[in-house]
Amino acid sequence: MQLADDGSGGRFWGGLGLRQKQVVWAWAFLAVPILFYALVRFYPTAEAFYIATTNWNLLTKPAFVGLANFERLWDDPVFWKVFRNTVLYLAIGTPVSLLLSFTIAYHLDRVRFMHGFIRALYFLPFLTTAAAMAWVWRWFYQPVPIGFFNDVLVAFGLPQQPFLRSTTQALPAVLAPAIWAGLGFQVVIFLAGLRAIPTTYYEAARIDGVGNLTILRRITLPLLKPTIIFLVVFSSIGFLRIFDQVYNMTSGDPGGPLNATKPLVLMIYQTAFSSFQMGYAAALTVVLFLVLLAVSLMQLRLLRDR
Amino acid sequence: MAKRMVTWLLLLTGGLVMLTPLLYMFSTSLKDASDVYDLRLIPAAPTLDNYVKVLSDGRFLRWFANSIGIATVVTISNVFFDSLVGYTLAKFRFRGRYLVFIAILSTLMIPTEMLVIPWYVMARNFGWLDTYWGIMFPGMMTAFGTFLMKQFFETVPNDFLEAARVDGLNEFAIFWRVAMPLVTPALSALAIFTFLGNWTAFLWPLISTTKRELYTLPVGFASFSGEFQREWEMVMAGASVATIPVLLVFILLQKYIVRGVMLAGIKG
Amino acid sequence: MRGFRWMVVAWLASFGAMSGAGAQTVEIEYWQYVFDARIKAMDELIKRFQAANPTIKVKHTTFPYADYQTKIAAAMPAGQGPDVVQLFYGWLDNFVAAKFIQPLPHDTFPPAMIEKDFYPIVGAMKRDGEYYGLPTAVRSLGLFYNKNLFKEAGLDPANPPKTLDQFLDAAKKTTKRDASGNLLSEGVTLDFPGQDYHWWREVLLRQMGGTPYSPDNRKVAYDSDAGAKALNYYADLQRVQKVGQVGFMDEGQAAFRAGRAAMTVDGTFRLGSFGGIKTFEWGVTELPAGPDGKRSNFASYWVNAITTRPTGAKLEAAKKFLVYLTSPEAMQVWLDMVGELPARKAVAETEKNLSHPIYAPFLKALAYSQATVFVDEMAQRQVSLDMINRVLIQNQDAKAALAEAAKSEQAILDRFYKK
């Protein structure tokens, strides 16, 4: 088999087998990117991991303190509250948003008239500025007669809710705009996944007289599995890293009230840039990193099982 | 048939409801400062003053241009490099391939906030502070883009590439002339998400610049807010204006994105 | 690169000064946060200063207020930075500990002069007998009130409340609720994240007979009976008197601007924003006096300090610039353009200022104001926010809330002073 020879490298190059040439090309392609990532990501990350073992506070020279920051983390009730919040953001956010977006996509898929327009309507919130939207949503949560949500509740004879002023309702209240903003992205992906299912499957099922619900369960959802997994993982990472919505919705009392809404990234941000305790912040970052790594590896495991 | 109609109506209503916060944003941008808190959806005395103030501010156009320039350059860089790496990871077999992939993927797991200070020290040491390059360099390639492109390249049948090899093309030409055209939907998706991400980036552009001429749009807007002041009507006007370019990019690339995202969904 | 260049310039400059060739231009860099009025005022001051000192050039660098501390935090370890810097007075300890700013040289800023000419609140800038910075302007708190709502409730808008009792009375009369008891307009805004936590800590607490910290500022002292009294007084405004509601109209200043709050405790920094109010008339008065007539107030300020970077001719230039920034002329310009009160007593207490309907209440308060010495302002603020939330949301008893807050805050103070 004659190999393509671009004439460079002479005898050495010509002597390499096809596979080996490919390997050379591969590393050639990867050379600059790897250098880039090493410089811009790996080195600073390694630095952050190292800082986690010091007591650096930006102002004095760092001193090695071993695992002291991690011990402090372990004993810190705020950390556990924050950890719990972060898990809640994931546990509530991912299922709710996926359920909503799937329902919307499922029905939108069957609509022809003004399909593009409606799709754009759902996608628009994804393009907005978090700070501006947070301000608007805060007005929605006001008590009667100003807040829209409470007005609706009272109209139905239900009691008013404190929403952002409650330690139990604040987290879901802050999560809502995050779900709202991300819905469009998920809808579009689901639409795509649905479009990919060959209609022959549906036709065959109809001929057999199978009902809509069964079609959904036995045909649609299994065939959508790759899409679902893709969305589960990316939205998981997104919710675990939530920051903008929380920061903007609770700007007067960040992560409040009483740490009810504070996610890990906000705690890291405050520890690093308000209190200047870089060592502790770095330790928190390591924890976040490990959680995200675990989640992502889980995805890859699931993917491979196909 | 009636069921279809009901579904359609519900969907349309849902979509319009989704839009409500945006309507408030727009409505606030049309209000005078003293009316902002009357909270009406339709402004009592709508005015374009805020937009005039925002747009006629000479610095605004500068910030707008900066944001567009930076987002464009970074997007182009990502489109090229993320594709190159994604292609390599998808189509070449070599030892260490999985490790490289995991290593790059792991860069998604460290929040920017922690990297900002090492980046600052690096930028200072190389003299990149207060330069466009300084603002751009951390984002020139991303794991998100790389992962996305890898998924897409996996859908490209190897036969095409083999045929090109037989024809005598070198590997780079195969990548550029054969593989890339086959994944244009993915490239469009990558382009819009990268553009959007850079358009709204705030923390790093804030840290890496002191000269006002270099501000990006979000940083510039932050100067409308002081220690205690937040002129919301200005913020909303600014936010509305800032939505326009991204909206345009979305409208232009919409149909490609759906096709592109579609394939990503399949591959999971 | 930049640091090296500056070094060369500084070297040349000092060399030039030494050899008597004083015509060398020295450039110094000044940092402050960006806000239109402040920028304009500072540009004006720089213009005048440079006109009077042709051999000195001042480079004015600004950046958005958001993440101001982050900016400085990133610049400091990188050796980047200004020669003269503006910082919030509450950040002084961090900056001093980092050896970022130097004590003001005695030849140009003798402590005796400072103590004579400036308001006593400047004392918060003193560490071990040395002053580290001086403000151009200071801010204090006042009671803003809505004259229209007062008239509607039958109160005299020309005679705002002077004591806490009168204040409570006015609040009750101006609170409006609808048929179901929902709040339509509150008597007073309740916004701890705003200025209320200063009002509680430096005013109400003292008026009830307590103090927030020990004289050396190292020990928390507000978990006392007086503290409980003050905390209960504030919390009862919502719980018992029902004249206000935390979170109503999102922020206190929003409620006031919308005409849905008859009174609000806020500072001079709010004058710009309230100046745009068109739907009603408003006035300001001193914060109400306590049960035995005691008055107190909270003052805050941004100080200008000299960093540890400049030496030789640059240091001289920096000193000159700082002298100018804290001169009576500069203070007057700042008052006119930014609306913040002069830090020098003589400049503040002019006939014109003292009879000014808006500035007078704030100015009079400077004589009896306190400037809390913070070691970590954000963290200490959070402790207070959590405390009031525990009382109002979780119904914790005031004494218990204070004890918990005192413990947290003491930990913060201890961690700082142990260094």
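So that you can tell them apart, the chains are marked A, B and C in the order they are listed, and the count of residues begins at 1 in each.
By definition in this document, a contact is a pair of C-beta atoms (placed from the backbone, for glycine too) under 8 Å apart; a residue touches a chain by one contact, two chains touch by 3 or more.
Because the structure is a prediction, the values reported are computed rather than measured.
Visitor: Could you tell me which shape the graph of touching chains takes: line, ring, star, complete or other?
Guide: Contact map by chain: complete.
Visitor: Farthest from chain A by Cα centre, which chain is it? Let me know.
Guide: C
Visitor: Look at the interfaces A-B and B-C and say which one is made up of more C-beta pairs in contact.
Guide: A-B
Visitor: Let me have the rounded angstrom distance from the C-alpha centre of chain B over to the C-alpha centre of chain C, please.
Guide: 39
Visitor: Taking the mean of the C-alpha atoms as each chain's centre, how many Å separate chain A from chain B?
Guide: It comes to 15 Å between the two C-alpha centres.
Visitor: Hey, what residues on chain C touch two or more of the other chains?
Guide: Correct list: 67, 70, 73, 77, 249.
Visitor: If you look at chain B, which of its residues touch at least two other chains?
Guide: 39, 117 - these are the residues of chain B that touch more than one other chain.
Visitor: Two or more other chains in contact with one residue: find those residues in chain A.
Guide: Answer for chain A, listing residues that touch two or more other chains: 139, 146, 273.
Visitor: In their shared complex, at which residues does chain A touch chain B?
Guide: 4, 6, 19, 22-23, 25-27, 29-30, 32-34, 36-37, 39-45, 47-48, 104, 107-108, 110-111, 113-114, 116, 118-125, 127-133, 135-137, 139-140, 146, 177, 180, 183-184, 188-193, 195-196, 225-227, 229-231, 237, 241, 243, 265, 268-269, 272-273, 278, 281-282, 285, 288-289, 292-293, 296, 303, 306
Visitor: Going by the contact rule set out above, which residues of chain C touch chain B in the complex?
Guide: Residues 1-2, 33-35, 38, 61-67, 70-71, 73-75, 77-80, 249, 254-255, 257-258, 260, 267, 269-270, 272-273, 276-279.
Visitor: Within the complex, which stretch of chain A touches chain C?
Guide: 58-60, 138-139, 142-146, 154, 160, 162, 164-167, 252-253, 256-259, 270, 273-276
Visitor: Show which residues of chain C lie in contact with chain A when the two form their complex.
Guide: Residues of chain C touching chain A: 67, 69-70, 73, 76-77, 94, 97-98, 100, 178, 180, 182-184, 191, 193-194, 245-251, 376, 378-379, 382, 385-386, 389-390, 393-394, 419.
Visitor: Within the complex, which stretch of chain B touches chain C?
Guide: Result: residues 32-34, 36-39, 116-117, 120-121, 124, 127, 129, 203, 206-207, 209-212, 219, 222-223, 225-229, 231 of chain B touch chain C.
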